[in-house]
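Lettered A, B, C, D and E in written order, each chain numbered from 1.
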Amino acid sequence: MAIQQVRQFPNDPTTMIPLSAYVFVSAVLFMTGLIGVLVRRNFIIVLMSVEIMLNAANINLVAFSHYLDSLAGQLAALFIIAIAAGEAAVGLAIIIVVFRGKMATNVDEINILKW
Amino acid sequence: MMTFDLNLSSSDLLLLMPEIFLTLWLCVVLCLDFSLKRITHQQLAYLSIGGLGMTGLMLVGFDVSGITGALFKNMFVLDHLALFFKILIVLATALVLFISIDYVRDFRFFRGEYYCMVVMSAIGMMFMASSNDLLSVFVTLEFSTFGFYVLVAYLRDDMRSSEAGLKFFILGVFAAGLLAYGISLVYGETGTLIFSEMAGNPGSYGLAIGFILIFAALGFKIGAVPFHSWIPDTYQGAPTPVTAFLSIAPKGAALAILIRMFYVALATFKPMWVILFVIASIVSMTYGNVVAIAQKNIKRLLAYSGIAQIGNVMIGLAAGTKQGSDAIMFYLLTYLFANLGAFAVIIAVGQFIKSDEIEDYNGLNRRSPFLAASMLLFLLSLAGVPPLAGFIGKLYLFVAAMEQELYTLLIVGLVNIVISMYYYLIVVKKMYINEPTDPTPIVASTPIKVAVCVGIVGTLVLGIYPGPFIDWAVNATLMFSNIVGPVAAIPISSPGG
Amino acid sequence: MMWLLFGYFATVSIVAGVLTVSLRNAVHCSLALLTLLLHMAGLFVLLNSEFLAMVQIIVYAGAILILYLFVLMLLSLKTEEQHLHKKYAFMVFGGMFIFVELLIFLLQSPFGGKKGEATPEVILQTDHSHAIGLTMFSDYLLLFEIVGIFLLGAVIGAIVLTKAPTKPENGHSTSTAIS
Amino acid sequence: MGDYALLIILFAPFLGATALVFIPRREELLVRLTAAVSSGIALLASFYIFFAYDTAKGGYQFVQRFSWSDELGIALYLGVDGIGGPLVFASAILLFAGVFVSWHIADRTKEFYIFLLILAAATIGVFMSLDLFFLYFFYEMSVLPMYLLLGMWGSHTKGYLSMTDPEGLKLRDSVGFIFNFGSNSKEYAAMKLTLFLSAGAVVALMGILLIYHFSGLHTFDIVVLREKAHFTGPLATVIWFLIFFGFASIAPIWPLHSWSPVGHAAAPAATSMLHAGVLMKLGHFSIIRVGYEILPETTREWIFVAAILCVFSIIYGGLVSYFAKDTKYVIGYSSSSHMGYIFLGMAALDYISLTGAVIYMFAHALATSMLFAMAGWVYDQTHSRDIPSLGGLVERMPFIAGAFIIGCMASIGMPGTVNFIAEVMIILGSWQKYPFQVVVAVFGIVLTLAYLFKMMRGLFYGQLDPHYAHTSDAKHWVDRMPLLLLIACSIILGIFPGHFLEVVGSTVAPMLERINHVAPLITQNTQGLLH
Amino acid sequence: MQEELQFGFPILSFLIFFPFLGALVIWGFKDLDLLKKATLGIAGLELLVSALMLLRFVPETAAMQFSEHASWIPPLGISYHLAVDGVSVLFVGLTAFLTVLLVLYAWDTVTTRQKEFYMSILALEATVMGIFASIDLIVFFVFWELMLIPSYFLIKLWGPGEHRQYAALKYVLYTLLGSVFMLVGFALLSLHHFDVKQVYSFDLLDLMSIPIPLGQQLLIFWFIFLGLAFKAPIVPFHSWLPDALTQGPIPMSVMLAGLKMGTYGFLRFSFPLLPDASRDSTVVGILMVLGLAAIVYGAIVAIIQPDFRRLLVFSSISHLGFVVIGMFALNFQGIQGSLITMINLGFSTAGLFFLAGFMWERLGHTDVRQCSGLAKKMPQLAIYFLIIGMASIGLPGTNGFIGEFLILLGAFQAWWVYGAIAVTGVIFAAAYFLWFYERAIFGPLKDTIPAAIKDLNTREWVIGLALSAMIFWIGIYPSPFLRMMNGSVQALVDRVSPGTTMAQQNMAHLTPDRYRN
């Protein structure tokens, strides 16, 4: 239902949600992710925070794509999702390796090397 | 009306030939590894090197015969710049494979896959060198980097390696997040992802933030301060051939992107980003060199020296002229030989004494004069001592900066030469002046000797007769000749304007 | 109507995001992330990108997140006593400051890039998925292929890192990847 | 030979070094012979250019030019004038002598000769470069082998502070604290030397780059820059000072000298010889080549700085030499002091004094290297450089003692040696302009006399420590030949300086003509406006 | 004096370089006997040639003779310029003469490192020849300094004393120190020449042709004075002399005591170049005081010396006082007297040193207290002692009388007080020598004297005879010698005597020919 509505009145100023609203949401999410990366100690959650950052980028891309009438943004979002999937696989594999060796997933406990 | 067209002619495919060929070759090698039980990892290595060699020849052929072009709405360009960097990357990869052979012998399993991952990363970086839009940048960058995530953590039994891989990965994906967000902002501001279409766009905060984020992400790749924190740990923890690979190839590819991005997309904002690069360059050089002094591990030392070298490279970007980019490219070439050579020596020594501590290099000259002498050459080239390649590279960079009257940068750069001399000489001192605790001779294996010899020849030839190579770099960047001259004076437009 | 939907999706996304970052238990975090991803798909729908919304749900929520959950379960992490870097806590304030700045700047930005050709009318005519597909296999063909190799590499990488292979020495196969 | 003489001189040592790389280290005799042959070839060729230099024609001769990088405007442009020629000759002599002085080095002989040859070749390269880039190239290249030569074959110095000195004079302590703090190990010396010289080099490089950039000619060619480049105002001053202090640090002028005695003291004999003999002259030479040739007006305006600093060099170096107890410190500081004379000769901008300065460079090269060679011999025999603990060595080594005395005489400026001519010329030529400095210089000669004799007495006379009863003289021709060569050169040129003077004069005269008689730039500019 | 007479054969160069070459030639000799004969031959030939030169010398003229001129360091105007005139010609002959005697003396007294010894002697001869023959200041200076090397080795290596090394070093250092000042003086002269003529020159003849203001003359005078005074040595600068002469070997003592190079320098350079300074009353006063002090001091110290060689040292200092007095009397008699006295000392003081050497050979010491009644054992030695000693005292009929008489005459002419004080020196001289003679030669034979002691052998006898012959020749028939000097001395007197006007007034005709056009 909603889809049809949007399609029929895409640029109606009354129902149009301003672009800045999406930008706002994405910026908030991006910062959330950023802070998550910086403060969380658990690697898996750090990874999740990165996912949030990527999602924030996706919202932006899709929103711009919509407002600029260009498909490139959506394609970009699509590729970002694909890349994120691959990275998550590799990343989790690495975490497993580390866990096996060290039984820890915390940043602070990984300290053979000097930070 | 929107049109979708895909008319790839065979001549267009030709442009993609090197990458396609290498990918297919990679698959063949992979299949051989899986299917033939008796194939040794050395054979796989030489196969991969063979493939890289053919790719390299192909690239050289393209470069000589001027086969260039752009595909996919300018998203993939194969110009001389891209060819230069591709050749650089292929060369680096081949050398890395040479120095890996000895190292991989000690792996307990997945020897063949190691070469695949290396070559795969190389393919990613080759694409990076050609990518002309932000999305390609993102994809190819991640493509090449994920190979490194795996490679860095390849020594599964070695906690340091896993830990290095983890740190590298975390910071890598973090950079990816920044990059993605930056791309999105730039896209919003310009409506396009392709560099050449962005040129001339009026400035805005969104664009600025976007590009700063992208710069930060690429800064992670090249290891510029303040995005350098992964470098020392990763360099130290990773398998040494991987460290060698990391120390040159991704930097080259990322610099190709940086050059394209700043020279093409952002040419109008030169006054702004020049300041950015001047600061980054000064900080990187100084930080890298000063911290390197205190290092006890040779890989960490080279890591910090790498940070400083990137600072040097950014002098060229700060100049922001064609001469600057020429200097960067030539410098990378010199850096390739010196750095890979140095790592080859580290591997040879490390394989023998099972240590990378600088202390253990005491009296290397007595244990292996060849390795010590070549290490000496490489370190001095990194320090920038004539008649070695590094000197010409640095001089070229300084000349480029001088032409743009960046005196502060120049002075800092020159002072840093002296600082860097100090810690390189400390290593030299250990090798030559100190007496060895254990005088057993160190013997390097043939592949490593090959790599070291290539490094020596490259370092000497580039230092003594750099003319053709400089010409090569100069010819590769002919398209930037228009930005030589007075600094572009288009101011950033007012917000919202 | 639009505003309502937008408000809902946006609010829940943000709240879920904050929860992901701040919850103590990793499994709870991943569930919050799931919420975030699902509501994100809703936002995509609002932006006329049904295909993307589907991909978001299938790939992100369905595959990636499940992977996370698997790993979390596998590792059977205990809840941490201290889940935040104490020493990086000040970064939160710094981060907030930067965030406000960023927000102000971003909201001031025009984001008035060049208009493309894919107006809603065009997309209505061709159908969204169709348009996306055509674009992907024309202009983005190369990237698509690259991502293909990328995923192949990711598979190899994950195997190399985690799988304990048959040891050549004794021929015995070690049991599982994860001890 | 003819036109290719310079190439032969430059590349003979380089090729020798390359050949050495491929000679197995067991073949020590072959290694030594290779070094000797390559340096001998260089010596013969430099002999040729020294005597075949056409004094009537003057200017740069034996010119060879190979384009190197058109992009940057660099060419391998070789040529010698009346200043470079003699210095090339001196370098070749010292290299040849150095090869023989080091004949008995048994530890890593191959490496030693490789580095020695590279060092000498690089030094020679500076003296014949007519391209700023290559000037710097060879200059910097000469620094690094020093590091290794010092570090690997050098010797620890006890330092002149801690040497046998029951009284513990206050002056020495404070002097040492200020100017020579830190360790006395050879590593320290080597590092200090290298860093000082590199720092100097980059300062000079800055100046060179500024010349390159602001000349607007896009070339490093000294000949072209000399003709066409004009620098004015503060820029010229800045460039001049960068060039001056950059190169003066190797010379070394007074406040920048502290690396030099430490380095001398730690270095093996042949290295000290080359170091004190020619490496230090790179500084003076480069200041003349770059500063005097390209920035004549600025030189005229600012060269008095050298005249001021040289006073400190002379006095300080002399005093420290007098109090030092280590043979090599004495010789090292005496070199540092004597460099002041060269600066004085350069500063006066007078035909006689500048000619004297150039001859002094040559003369000092021979004299000091003689002393270093013999101090090295004494050290090799006794493993001590501590003057108070030595003594009476004349009984064991009469030849060395005799040669040492001649070396001292030459260093003092004994008539009959070429040093004498140089000293007289410097003193006479600078009297008009810098009478005070000349008085100081004369005092310096007296001081030189005092400390060299003090050292000589301490080494060779008095009671022979039975500990050193086993020491032996230089008996073999290999050991005597280098010393005799140096002595012979010094005396022959001292007695027949005619050609030498003409060679130097043919270059110095037009150079000074340019410096002293170029119209001030302000008028040039106004003329430009009028036309 | 400023004329130059050429001579077909470069006789002065020959005199300088022939011994050098000789030294090189004998380097190759293995056979010691042959070596000695060769050295004697070289020295003899040198003596012959110098005698020939003396015969060809044109007396009664101030002209520079046997002149040789070649460019050496053109930018500084230094040239290889050799010539002799009346002032220097006799020294050349004296040097050759003494060298022959030295070789004879050394024949079997020098037993160690004989080859080096004869080489050193020949080198010393060559450099001393150079000093007397060169009239370019720098060439002079070169030989002046070069002379140090052989003398250094002679003292150091063959000296009998325990402190010979100390003595050698002291000698060299003192002389070098002085010569630095002298060089400065020369340099100032040349600079002055540059100011006047815009070229540097170190040529005596060129420098004489330029006027120099008095103030500068004084400055230069004192610089040169220091150099010469150290060498001479004039009294407060003499402290190296006792060491060098007593620690060194006899041949060195003979050379140093016999050849008065320092005072020669005054006549050669100071007087002609700096006439105004030389006759300046302060300068003359100081020099006179120093000369008189030397006479008295030397004589008194000599009296109390128990050692004969030390006695000779101080007597030599005392005699040098006479020379100085004579020179600075600034009249014909004074200058001629001091010049002839310098020559005389070459026979008398040098001769006494030879005799001391003979004593040393036989006794191993020269201590007066240890010996007595030598005449009984060695009558020939006693005779020669008497002859040469009388010459040293200045007894009429010996050469010493001629010199001292002329000097005293000059001194009295200048100011009677000078003469009066100087006369005391003669008395003292008689006192110390006769006292010594009485104690050592006469008196009862002491048992410290070995019984087997022999009288002079033929070689020594020849030495003594040669010296005695010269002493009597000059003492009885001095006119050939005085004639040789007359011209030059007259020219010197013309230049410096207080009666003449400023030197520059004569400039026109003093200017040498080659500058006329």
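Operating definition for what follows: a contact is a pair of C-beta atoms (placed from the backbone, for glycine too) under 8 Å apart; a residue touches a chain by one contact, two chains touch by 3 or more.
Small disclaimer: the values here were computed from a predicted structure and weren't measured.
Engineer: Considering only chains that satisfy the touch condition with chain B, which of them also satisfy it with chain E?
Structural biologist: Both-contact set = D.
Engineer: As a teaching exercise, work out the groups of chains that remain connected by touching when chain A is ignored.
Structural biologist: one piece
Engineer: Which of the chain pairs holds the record for C-beta pairs in contact?
Structural biologist: Max contact pairs: A-C.
Engineer: Going by CA means, which chain is nearest the middle of everything shown?
Structural biologist: D
Engineer: Can you compute the centre-to-centre distance for chain A and chain B, using the mean CA position of each chain? Integer Å is fine.
Structural biologist: Spacing between the chain centres: roughly 28 Å.
Engineer: Could you please state the distance in Å, as a whole number, between where the Cα atoms of chain A are centred and where those of chain E are centred?
Structural biologist: Their C-alpha centroids are separated by 107 Å.
Engineer: Quick one: report the Å distance separating chain A from chain D, using the average Cα coordinate of each chain.
Structural biologist: From the centre of chain A to the centre of chain D is 67 Å.
Engineer: Counting in whole Å, what is the centre-to-centre distance of chain C and chain E, each centre being its mean C-alpha position?
Structural biologist: So the centroids are 110 Å from each other.
Engineer: Where in chain B do residues touch two or more of the other chains?
Structural biologist: In chain B, the residues touching two or more other chains are 135, 139, 142, 146, 149-150, 153, 156, 185, 187-188, 191-192.
Engineer: Can you pull out the residues of chain E that are in contact with at least two other chains?
Structural biologist: Nothing qualifies.
Engineer: Which residues belonging to chain A are in contact with no fewer than two other chains?
Structural biologist: Within chain A, the residues that touch at least two other chains are 19, 23, 33-34, 47, 58, 63-65, 68, 70, 72, 75, 79, 83, 86-87, 90, 94-95, 97.
Engineer: What are the touching chain pairs in this one?
Structural biologist: Pairwise, the chains that meet the contact rule are A-B, A-C, B-C, B-D, D-E.
Engineer: Once bound in the complex, which stretches of chain E touch chain D?
Structural biologist: 71-76, 138, 141-146, 149, 152-153, 165-166, 169, 172-173, 176-177, 180, 183-184, 187-188, 190-191, 194, 200
Engineer: Which residues of chain C touch chain B in the complex?
Structural biologist: 102, 105-106, 108-118, 122, 126, 131, 134-135, 137-143, 146-147, 149-150, 153-154, 156-157, 159-161, 165, 167-168
Engineer: What part of chain D is in contact with chain B in the complex they form?
Structural biologist: Counting only chain D, the residues touching chain B are 21, 25, 67-72, 108, 111, 133, 136-138, 140-141, 143-144, 147-148, 151-152, 186-187, 190-191, 194-195, 198-199, 202-203, 205-206, 209-210, 212-213.
Engineer: Please output the residues of chain C touching chain A within their complex, sorted ascending.
Structural biologist: By the definition above, chain C touches chain A via 1-3, 5-6, 10, 13-14, 17-18, 20-21, 26, 29-30, 33, 36-37, 40, 43-52, 55-56, 59-60, 63-64, 67-68, 71-72, 74-75, 77, 80, 82-85, 88-89, 91-92, 95-96, 98-99, 102-103, 106-107, 109, 111, 113-120, 124, 131-132, 135-136, 139-140, 143, 147, 150-151, 153-155, 157-158, 161-162, 177-179.
Engineer: Which bits of chain A are touching chain C when the two form their complex?
Structural biologist: Per the touch definition, chain A meets chain C at residues 2-3, 5-7, 10-11, 15-17, 19-25, 27-29, 31-36, 38-42, 44-45, 47-49, 51-52, 55, 58-59, 62-72, 74-75, 77-79, 81-90, 92-97, 99-100, 105-108.
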